[in-house]
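Below are structures written as structure tokens.
Each of the two complexes below includes subunit A, the first together with subunit B, the second together with subunit C.
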Partner chain A sequence: MDEETTSVSKGVFIFNNNTIKRSSHGKKRKKQTTETTKDDNGIFASNLWYQQYANLKTILEENITELNDNMFSSVLSQLVEFVGNCHNTTVEEIPTAALLTGINMPDHGAQFSSLINQIKQTETPHVVCLQSQDCTHIKNMMENMISKFINYDSPLEDEDEDDHRNIKKNQLNLPVLQCWYNNLYVEKSSSSPIKQQTKNSQKVLVVIIPDFESFSTIVLQKFILIISSYIEVLPFVFIFGVATSLNTLHTSLSYQIMSKINIRVFKSQPSIVYLDKVLENAFFDTNFPFHLGGKVFNLFVDLFLFYDLSVNNFITNIKYAMAEHFCSGNTMSLCTLSISEAREMIEMFSHNDFENARHLLSFRKLVEDQTYENRIKLLTDDDYLKEVLMQHLKKIQKYLRRFHLFLKLLHVLVNDLPKAPLGKKIRELYAIAVSKDITKSDEYRQCFQLLGFLSKTELLPKISTIINILSPRVKRFENNKIADFLNKLKQDLKDLNDFNMNELQDAVEEIECEELVDETMDSRKQFKEKLLGLTKQKATRQLNKYEQLRKDVLDLLTNAFEEYLVEPKSFYFHEIFFFDDVSIQNNIVGSHRSAIHNALNDPQYYLQCSCCEIYTSSTILRTMPDICVAYKLHLECGKMINLYDWLQAFLSIIDHSDCDDESRRYVKPELQARFTQAVAELEYLGFIKNSKRKADHVARLTWGG
Partner chain B sequence: MATDPVVLSLKQSLPCRDSQIDQLYNLLPGKDDISIPSVYICGAASTGKSAVVTSMLHKLEIKHAIVNLVECYTSKILFENILNKFSDHTFDPTNPLPYAKCDNLMDFISHLKGINGLDKSVLVLDKAEELRHMDANLLPAFLRITELTNLNITVILISDIVFEKYYNKSTDVEPLKVYFPQYNKDELLEILTLDFDYVKSEAAIDFDVDFYKNYLSLFLSVFYRACRDLCELRYMSRVNFTKYLQPVVQKQCSVSDSMVLWRNIAPVLKNSLEVLYLRVDVTSDQMNNAAHSLELPYYAKYLLVAAYLASYNSTKDDKKIFVRNTGKKSKSVREIKAKSKVSEQLNTQLGPKPFTFDRLLAIFYAILEEKVGFNNNLLVQVSSLVELRLLVLSTVGDGTSLDGQKYKCNVSFDFIHSTAKTIGFNIKKYLSDFRHL
Partner chain C sequence: MAQRASEVAKTPHAVRKKTKSKIEHILQEDSTSEYEVSSEESSSSDTNSSSSIESEEESQSKQNQKIKISNTNLQTPRTRGRGKYIIKTEEYFQNCASSKIHTSNNTLDKLQTPKLPQHEVQQLLQNSKLSKEHKKSIEQLTKINESYFKKWLFLLNENFNILLYGLGSKRNIIKKFHMEYLKNMPVIVVNGFFPALTIKNILDSIIIDLLKINESPSNPLDACNLIIDEFLSMPETHLYLLIHNIEGDLLRNNKSQNALAMLASIRNIHLLASIDHINAPLIWDHSRLSKFNYIWFDVTSFSPYVEETSFEKSMMIAQTGALALSSLRNVFLSLTSNSKSIYIIIIKHQLEQGKNQFYQGISFKDLYMACRESFIVSSDLALRAQLTEFVDHKMVKIKRSVDGTEYLIIPLANNLLQKLLYENS
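Our next item is the complex of A and B:
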């Protein structure tokens, strides 16, 4: 690469990556990527934490791609079916699928590429995806589309590839495409009718426009008109990805155009549902050891809800957090849910790695809780620490498994309560549960109060879903507390089921009526008091049978929750599994204004040099870069800046030597050049601009720091 | 008048166009006489212009080339297309070269002369209104093609608009004009009845032509006033006919029960009249509220609201609206009256005004209650709103001035009203049009 870019003059060099020719060079690319990943490994590969990190990252990515495929499968299969069927009958309009995608185009990249793959596999090899940047003019659009159709390498004619490429772009027009299509299907089937008729029944031509909004409407209108005049000979199908709503189609296409296409609407899921699915299936997975702490998790969710609704960004954020988490040291390699794996890892630990573990915050707590001898042992004896670590790891691993399980159970119980004090989504529960003891929170108490009022019909399905979730888990670790818990629950469910509500109600009503009728009322006030008394009595009165049963079940559940849903911080070494460093906010949420201000105002922050150290932000040192000096001086000015004054102030800082007025008239050309350059740089950054109002002045464009 | 059997069969397959068919038949090159240089056919969309011309040319077996001008986005494609068709040129699939490379009119004329057997042939230019956007010399040249090539070629121009719209300095030849009027109700009924075979093949039950005609007259009684476009009417009638048949299919009534069927279909027809030309299923509900179907991030919604406010409030009102005043002024009736304007003068009726980015941000921070950092994610929202065409750039600048960018808000009041509702924001309070109410 270096050889290619050496040049006398400065310039921009273009390196063609292979993205355009992906289909043809698929094999080569795969090789390249595997090589590069190997190279990447080179830097950190020897570190234990990196191995664990890479391992988890691949698991996460696999989970997500699998999930993606499943998520879109219903919409995809509908779409693919649509593509397959739309030309079965004769059509006068172009069959068009409008896929309402939601606003995040980057997120849909995966969706569209899997759509293309599926259509290619099942329906037709002729799929073209047009990007708006390639289609600024109708000419480009047509040529692009046709060249993509014609240059598609069908498996049969790999060798002819080069011949096709020879066609010049300006030769490509629809008659050419028609000829190519006829050559592929019509003529072949007529020349060897028996052999290929079934196989080569005419395949449709699919045109995908993933971002409808960014296409110019004029170009699109024309495009549709042109294609519609060919619809009888070339079976086209359109798929539009519409980000906003169907109205966009109507506002951007006139009636004349609309009558040429036959739209069917497909809806993909809103991104918030997508996020929930990703979280539940890939991240709250009991097999995924890395966890986000409450603060970071909330930060990510807020970013999602308030700023971008982009699941891709969310996942990238998690990956970043993972990288940050693991690179803090080899101790993090213990972040695994299998005990044997952890054992293997810890056997490979060096003294430094144990030191690394000793730096964990919760280690200090552990030491403080121990007796004096143990303290010394912990601090000095690596082998002892190893055993202690293993012990605690086991605890946490067990805890984590149950944590997720019981979080799900709690979710089943509370998600549809009125006002949902703990939230409707499992992610909301997670955010609370990892940041504090959820069972001690007010919301939790409220929830259980509400649960205490549930009727039998509401309670029963909840209990049975809980049992359904639990039962498959129990087989794995049998004969323990959870199994007991499950059995008890089953028993309760049975009792509840057997219980007949009608009997109970009759009994209750009888009592109440008797009591009310019994007494003779003198006044309204008395009656009121009576009723009040009755209600109080009710509260203290023995619970009836159903209430008793309900209370038992809830007590059983709440006891379990209190045991398993404890705060992760209560465990020693929880840092290995939970990442809760909010300072990564600065890295994730970019804020360029303050970064630039910081860099110019306090260059030492980035340069890390000893010469530019300042104590108050207004100090200006001559050792600072010129642009910093100019910037700091301009902060002191008003809306208009006199260039001469600015230059003098600049000189007085840069050049201490001669301060008397006489010499000021003469400015060293070198210094003037430096000043001019600094001013030009500031203008480039957008802090000042030339002003036509006043001679020798520039206008300031920003205010404050 | 000669009654050619071809004309008779044409009149049968294309009903209600008898006079036009006769007219055209007389204009087309016959066996012996000199052909007419140019014919201009005009008439509204879907009145059978192209259908009559193409089928007539086919049946009379006249050598012809039909080119749709929409697909000729360059004149090169137009020339090469005509030449290919006149010369019966077939492409070699591995190396698809045209009959001849032809970049300009001169080449075209000379190539045309080179093709044999073009005497008494016809060149049809469909969608001729596109000629107005193409090279200025094309229309005069096509009108005088006989003079230029010394060949007996008739040029037929087919278009939706009258020929007067083509006039410019160089138009001095007037073609002969044939007008295709729109179908009236009876004609529409007759033509739509031709759809019977298709409909019957689609339908699950058996019925006769009279039943279908009954339906069509019902259908036309609702739709005829709103739309005369045959294609649209046919589409609508097909869509609605399945619904018309539904009670019969479900065995709720018999085919002869026309009153029940009418009562059943009347509301359906009325509903589908509302989505005429939109080509959507009436049952789909996302039509009703675009704002609810569109999901935007929280701050993006605020940005959009801020953009709307910036677009529909004048700058001088900003201070009054967004600076929180301490003392509440009570409004007198006179004041309200003085401020209320006729609806034509309302800002919200006048369309969006451009605003600068700074103003957008200032309003955004004024209406947002919590403090939010000014970061890149926020800025990206603005550009993604532009990409979604909810905001539009109003100045098409050269891209050199980053700060001079001006935007306009591109959404309707109803849209922004329901968007504002989802974030619990009363937009009327901040619009100068509604504030005084």
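Our next item is the complex of A and C:
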């Protein structure tokens, strides 16, 4: 094996194994359309957990694609409208839309592709999206654009008509494009009266540049100049995607160029809005059984907010968490919200699968809570465990459905409170609710205190929204409890509505006015005391009728929340639905530098050997691997390191025997080789590099330890 | 000393004051640099809390699960907890504060054997053994690392790509993964550390050797697009791309990384790569990272970078030019006897002039005369034909001087030429 991939003359090795057989072009089209996701992974497809995983993954993906189409609608419709209208009057400058997209580059793909789709559907089939990597020179850019314009059209026409495609790339230029365009619109509309609909509307040519910043400015400037000279014959429209700010447009294009284009600015939504929508619609869906635990969820949100702002990456992270979750065994295949499905799954369980379930952490708790006989049964009897599992699964499934529902209700109540102690977004609520008992938290108490001060006009809409959310669900829940709750709530709402606030307020005002006006004040101090006395009086005073009603409603709600928004950890087998292994952080954002640092500074961290234990990080032991010794010695140096001295220091640690100066001249070849290798490896890792400033010196490339 | 003292006495007050302050400054600097060292020692916090392999049991018990992929929590004893790497910013200023570099003037020439040649180093290293305990713990590490294999396969198939990091050569583990799980799959292994590798090599080998398309587009982007089209058209075929050191010298440019990112984002091309350089992650920006879609794995192995450092680049290694010599030897052996003799004439001339610092090479006329004298060539043209062959193989460089005469020079060190001459005489 070693010989196969080691060579001094080449760096690429092929192991074909005769498995790649190119399909002929005829087959090509058919195969592309076939669904690939299902049969793709024959390796794991036999596992129960994999089936469930694949199942959920497709659900998630479908949800998200569905969302994507509706997501950017507001900005996109404006843009599409702009594209449609900009050439209605004769223009002298190229109409240009600058779309401020935000820095979340990986998401832009979805945004632009839905833009292209919409433009193609409604305005014009001629849309070209140019990538910066294809446009390093003005020549490439032109060729690319024109070939995309011309070639897009040809498949629509007869397949024999291949002459468009036969034009060589270097023959593509704007006169060709003009001919093609005239062919398509000007001549046809004059010759064939049948195509009435195209007669008036010569379709515009849209050029999209999704990443304006990564284009070379010189190329862009030339491009705009050239196109502007054709604007009278070819109706071009530009759409620039600008990731940073509009300033880049002004700084990268000179006045001469700017005068050729007519810019209108569009702002797309910040990606956080996008994230919230995705989460609410695809992930906090009551039908989606997989849940992230609080720690992991917070990790992902932090990664989003402080690292890349990319929703795409957020979704990939969720997918990865799902993969991690499901590959821990067949027990995870029970992660479903339908009882019958779970039953089906569990019937297929083998003994090992039950063993797998027994390794869940919450199983231990379950066992400890049982009587002695039951314990043995749980540990040995698979059938018994099956029933217990089903029982608890049912519980969790019920809990999850209510959990999401009541989380939404709580969100309605607390999202617009002053300072929003529980957060404004449902995701913030979720993060709290899955990591602890939300109803026992300080923030929750604070919220309900604040709710206790709400006026009727503020409280009423909240209650009615809650009822609106709740009522369609009641039919689905067989349980009477929720229905009862709803009815009570409706009753309360009615009471509140019926209650006439004016009466109450008049009464209050009267009292206050009387008291305040009646006595003539001697001093400010007296007045203050009077007011203080009044407030005390109020506190002790009986609640008035409105306050009583408000208290009733809030009590009703808080009781419900306390019942349904409990911590998921309180359930046995919650691990099946909740993934909370925060150690995946290292797999998502690698800690490359820290791993190397730890390995070099404290090899025992990885090796777990008894010989290399150190108490301070600067200790050097001769038992450590050579590279660690060399590394630690190099930390003691400044910017430059003398190789000779370094070698001597290395020897004095590795080999205590000879320390007089003369013997140092002769170095045991073996030790020298070890040092040589260690230095070469450090250089390879990028800690040092060759320096020409002084003989036999190397330069340090890092600082600190 | 007395003389100097009198000199000092003569110098004006201002100068004296200046020198004094200078000396003080130097002294201060010295003391601070000493202080740095001591502070480094003292500031190093006690990171060494009692650590135990607590989840060892857990992992052991998990091993006997029958599921095809077991998500063993083996990484817990290592990657979590203590010893987090925290950048101490003040150390940067300490490091940059003193512009003067205080190092001794010792050179390696003081040693009996200043530098060892590469092959000797490797031979010597083969003899050296690890301590028993380390051997055991490295074996243990390897075992842990190998327990990820099934997970990798799963993740690769789920359209994630895998990036391995951590100290130690990752060639063996990738190789083992290849042998155990990808034996019957189309696989391309790339040695990113290979000093003459280009992205074109990789793309060409996919297109020509794997897809059996006869001509490969010259532009890497076009080539990428071709590959992507091909693979999209056959979703049932999976290609595994194993890249040792994806941040290798010749792969770290934008073009290569873009091309690799494009390939890696394809559904049925799977990438498993490793990185070693401490700054390697800097080569990827957000859009590239999202295309690569990496899942990172710490596979610290402490195994020596033998292959990776074998290309004679290190400064501690004597530049023997063994590579160059062996390639020259091969070409030389395939020459006809006449051309050999011509080449030897050039070598001899170059060696005779070895001491001359400004040696330009042998002029064409001189060479022609010498060749004629030894009845090797009969005409100017025949000699030129021979020389073209030399130039094609880069055995000889032709330079034209200011006055128009052509000079021929062999672009190799003289000791190598001596060796070659010795072998062939």
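Going forward, the second predicted complex is superposed on the first by the 528 of 705 C-alpha atoms of A that agree within 3 Å, B and C clash if a C-alpha of one lies under 4 Å from a C-alpha of the other, contacts with A are read in each partner's own complex, and residues count from 1 in each chain.
Operating definition for what follows: contacts are C-beta pairs under 8 Å (C-beta built on N, C-alpha and C of every residue); 3 or more make two chains touch, one makes a residue touch a chain.
Fair warning: this is a prediction, and the values are worked out from it, not measured in the lab.
Novice: After superposing on the shared chain, does subunit C or subunit B touch more subunit A residues?
Specialist: C
Novice: Tell me the contact category for A:Phe675 with respect to subunit B and subunit C: first, second, both or neither.
Specialist: second
Novice: Pick one for A:Lys551: touches subunit B only (first), subunit C only (second), both, or neither.
Specialist: neither
Novice: By the touch definition at the top of the document, which applies to A:Lys394: first (subunit B), second (subunit C), both, or neither?
Specialist: In the superposition, A:Lys394 touches no partner, neither subunit B nor subunit C.
Novice: Report for A:Arg593: first if it touches subunit B alone, second if subunit C alone, otherwise both or neither.
Specialist: The answer is both, since A:Arg593 touches subunit B and subunit C.
Novice: I'd like to know which partner A:Tyr644 touches here: subunit B for first, subunit C for second, both or neither.
Specialist: second
Novice: Looking at the overlay, does A:Leu174 come into contact with subunit B only (first), subunit C only (second), both, or neither?
Specialist: Touch partner of A:Leu174: subunit B, not subunit C.
Novice: Between subunit B (first) and subunit C (second), which does A:Lys440 come into contact with in this model arrangement: first, second, both, or neither?
Specialist: After superposing on A, A:Lys440 lies clear of both subunit B and subunit C.
Novice: Once chain A of both complexes is superposed, is A:Ser328 in touch with subunit B (first), subunit C (second), both, or neither?
Specialist: second
Novice: With the two complexes superposed on chain A, say which partner A:Gln256 touches: subunit B (first), subunit C (second), both, or neither.
Specialist: Once the two structures are laid over each other on A, A:Gln256 reaches subunit B alone.
Novice: Taking the stated contact definition, name every residue in subunit A that is touched by subunit B in one complex and by subunit C in the other, in rising order.
Specialist: 103, 105, 308, 589-593, 686
Novice: Would you pull the subunit A residues touching subunit B in the complex into a rising list?
Specialist: My answer: residues 92-93, 100, 102-103, 105, 138-139, 142, 160, 163-164, 166-167, 170-171, 173-176, 179-180, 183, 211, 213-214, 222, 225-226, 229-230, 243-248, 250, 255-256, 258-259, 261-263, 265, 267, 270-272, 303-309, 589-593, 686, 689, 701.
Novice: Once bound in the complex, which stretches of subunit B touch subunit A?
Specialist: Listed in rising order, the residues are 45, 68, 70-71, 73-74, 76-77, 80-81, 84, 90-91, 93-98, 229, 231-232, 235, 277-281, 284, 286-287, 290, 293-300, 373-378, 380-381, 384, 387-390, 402-403.
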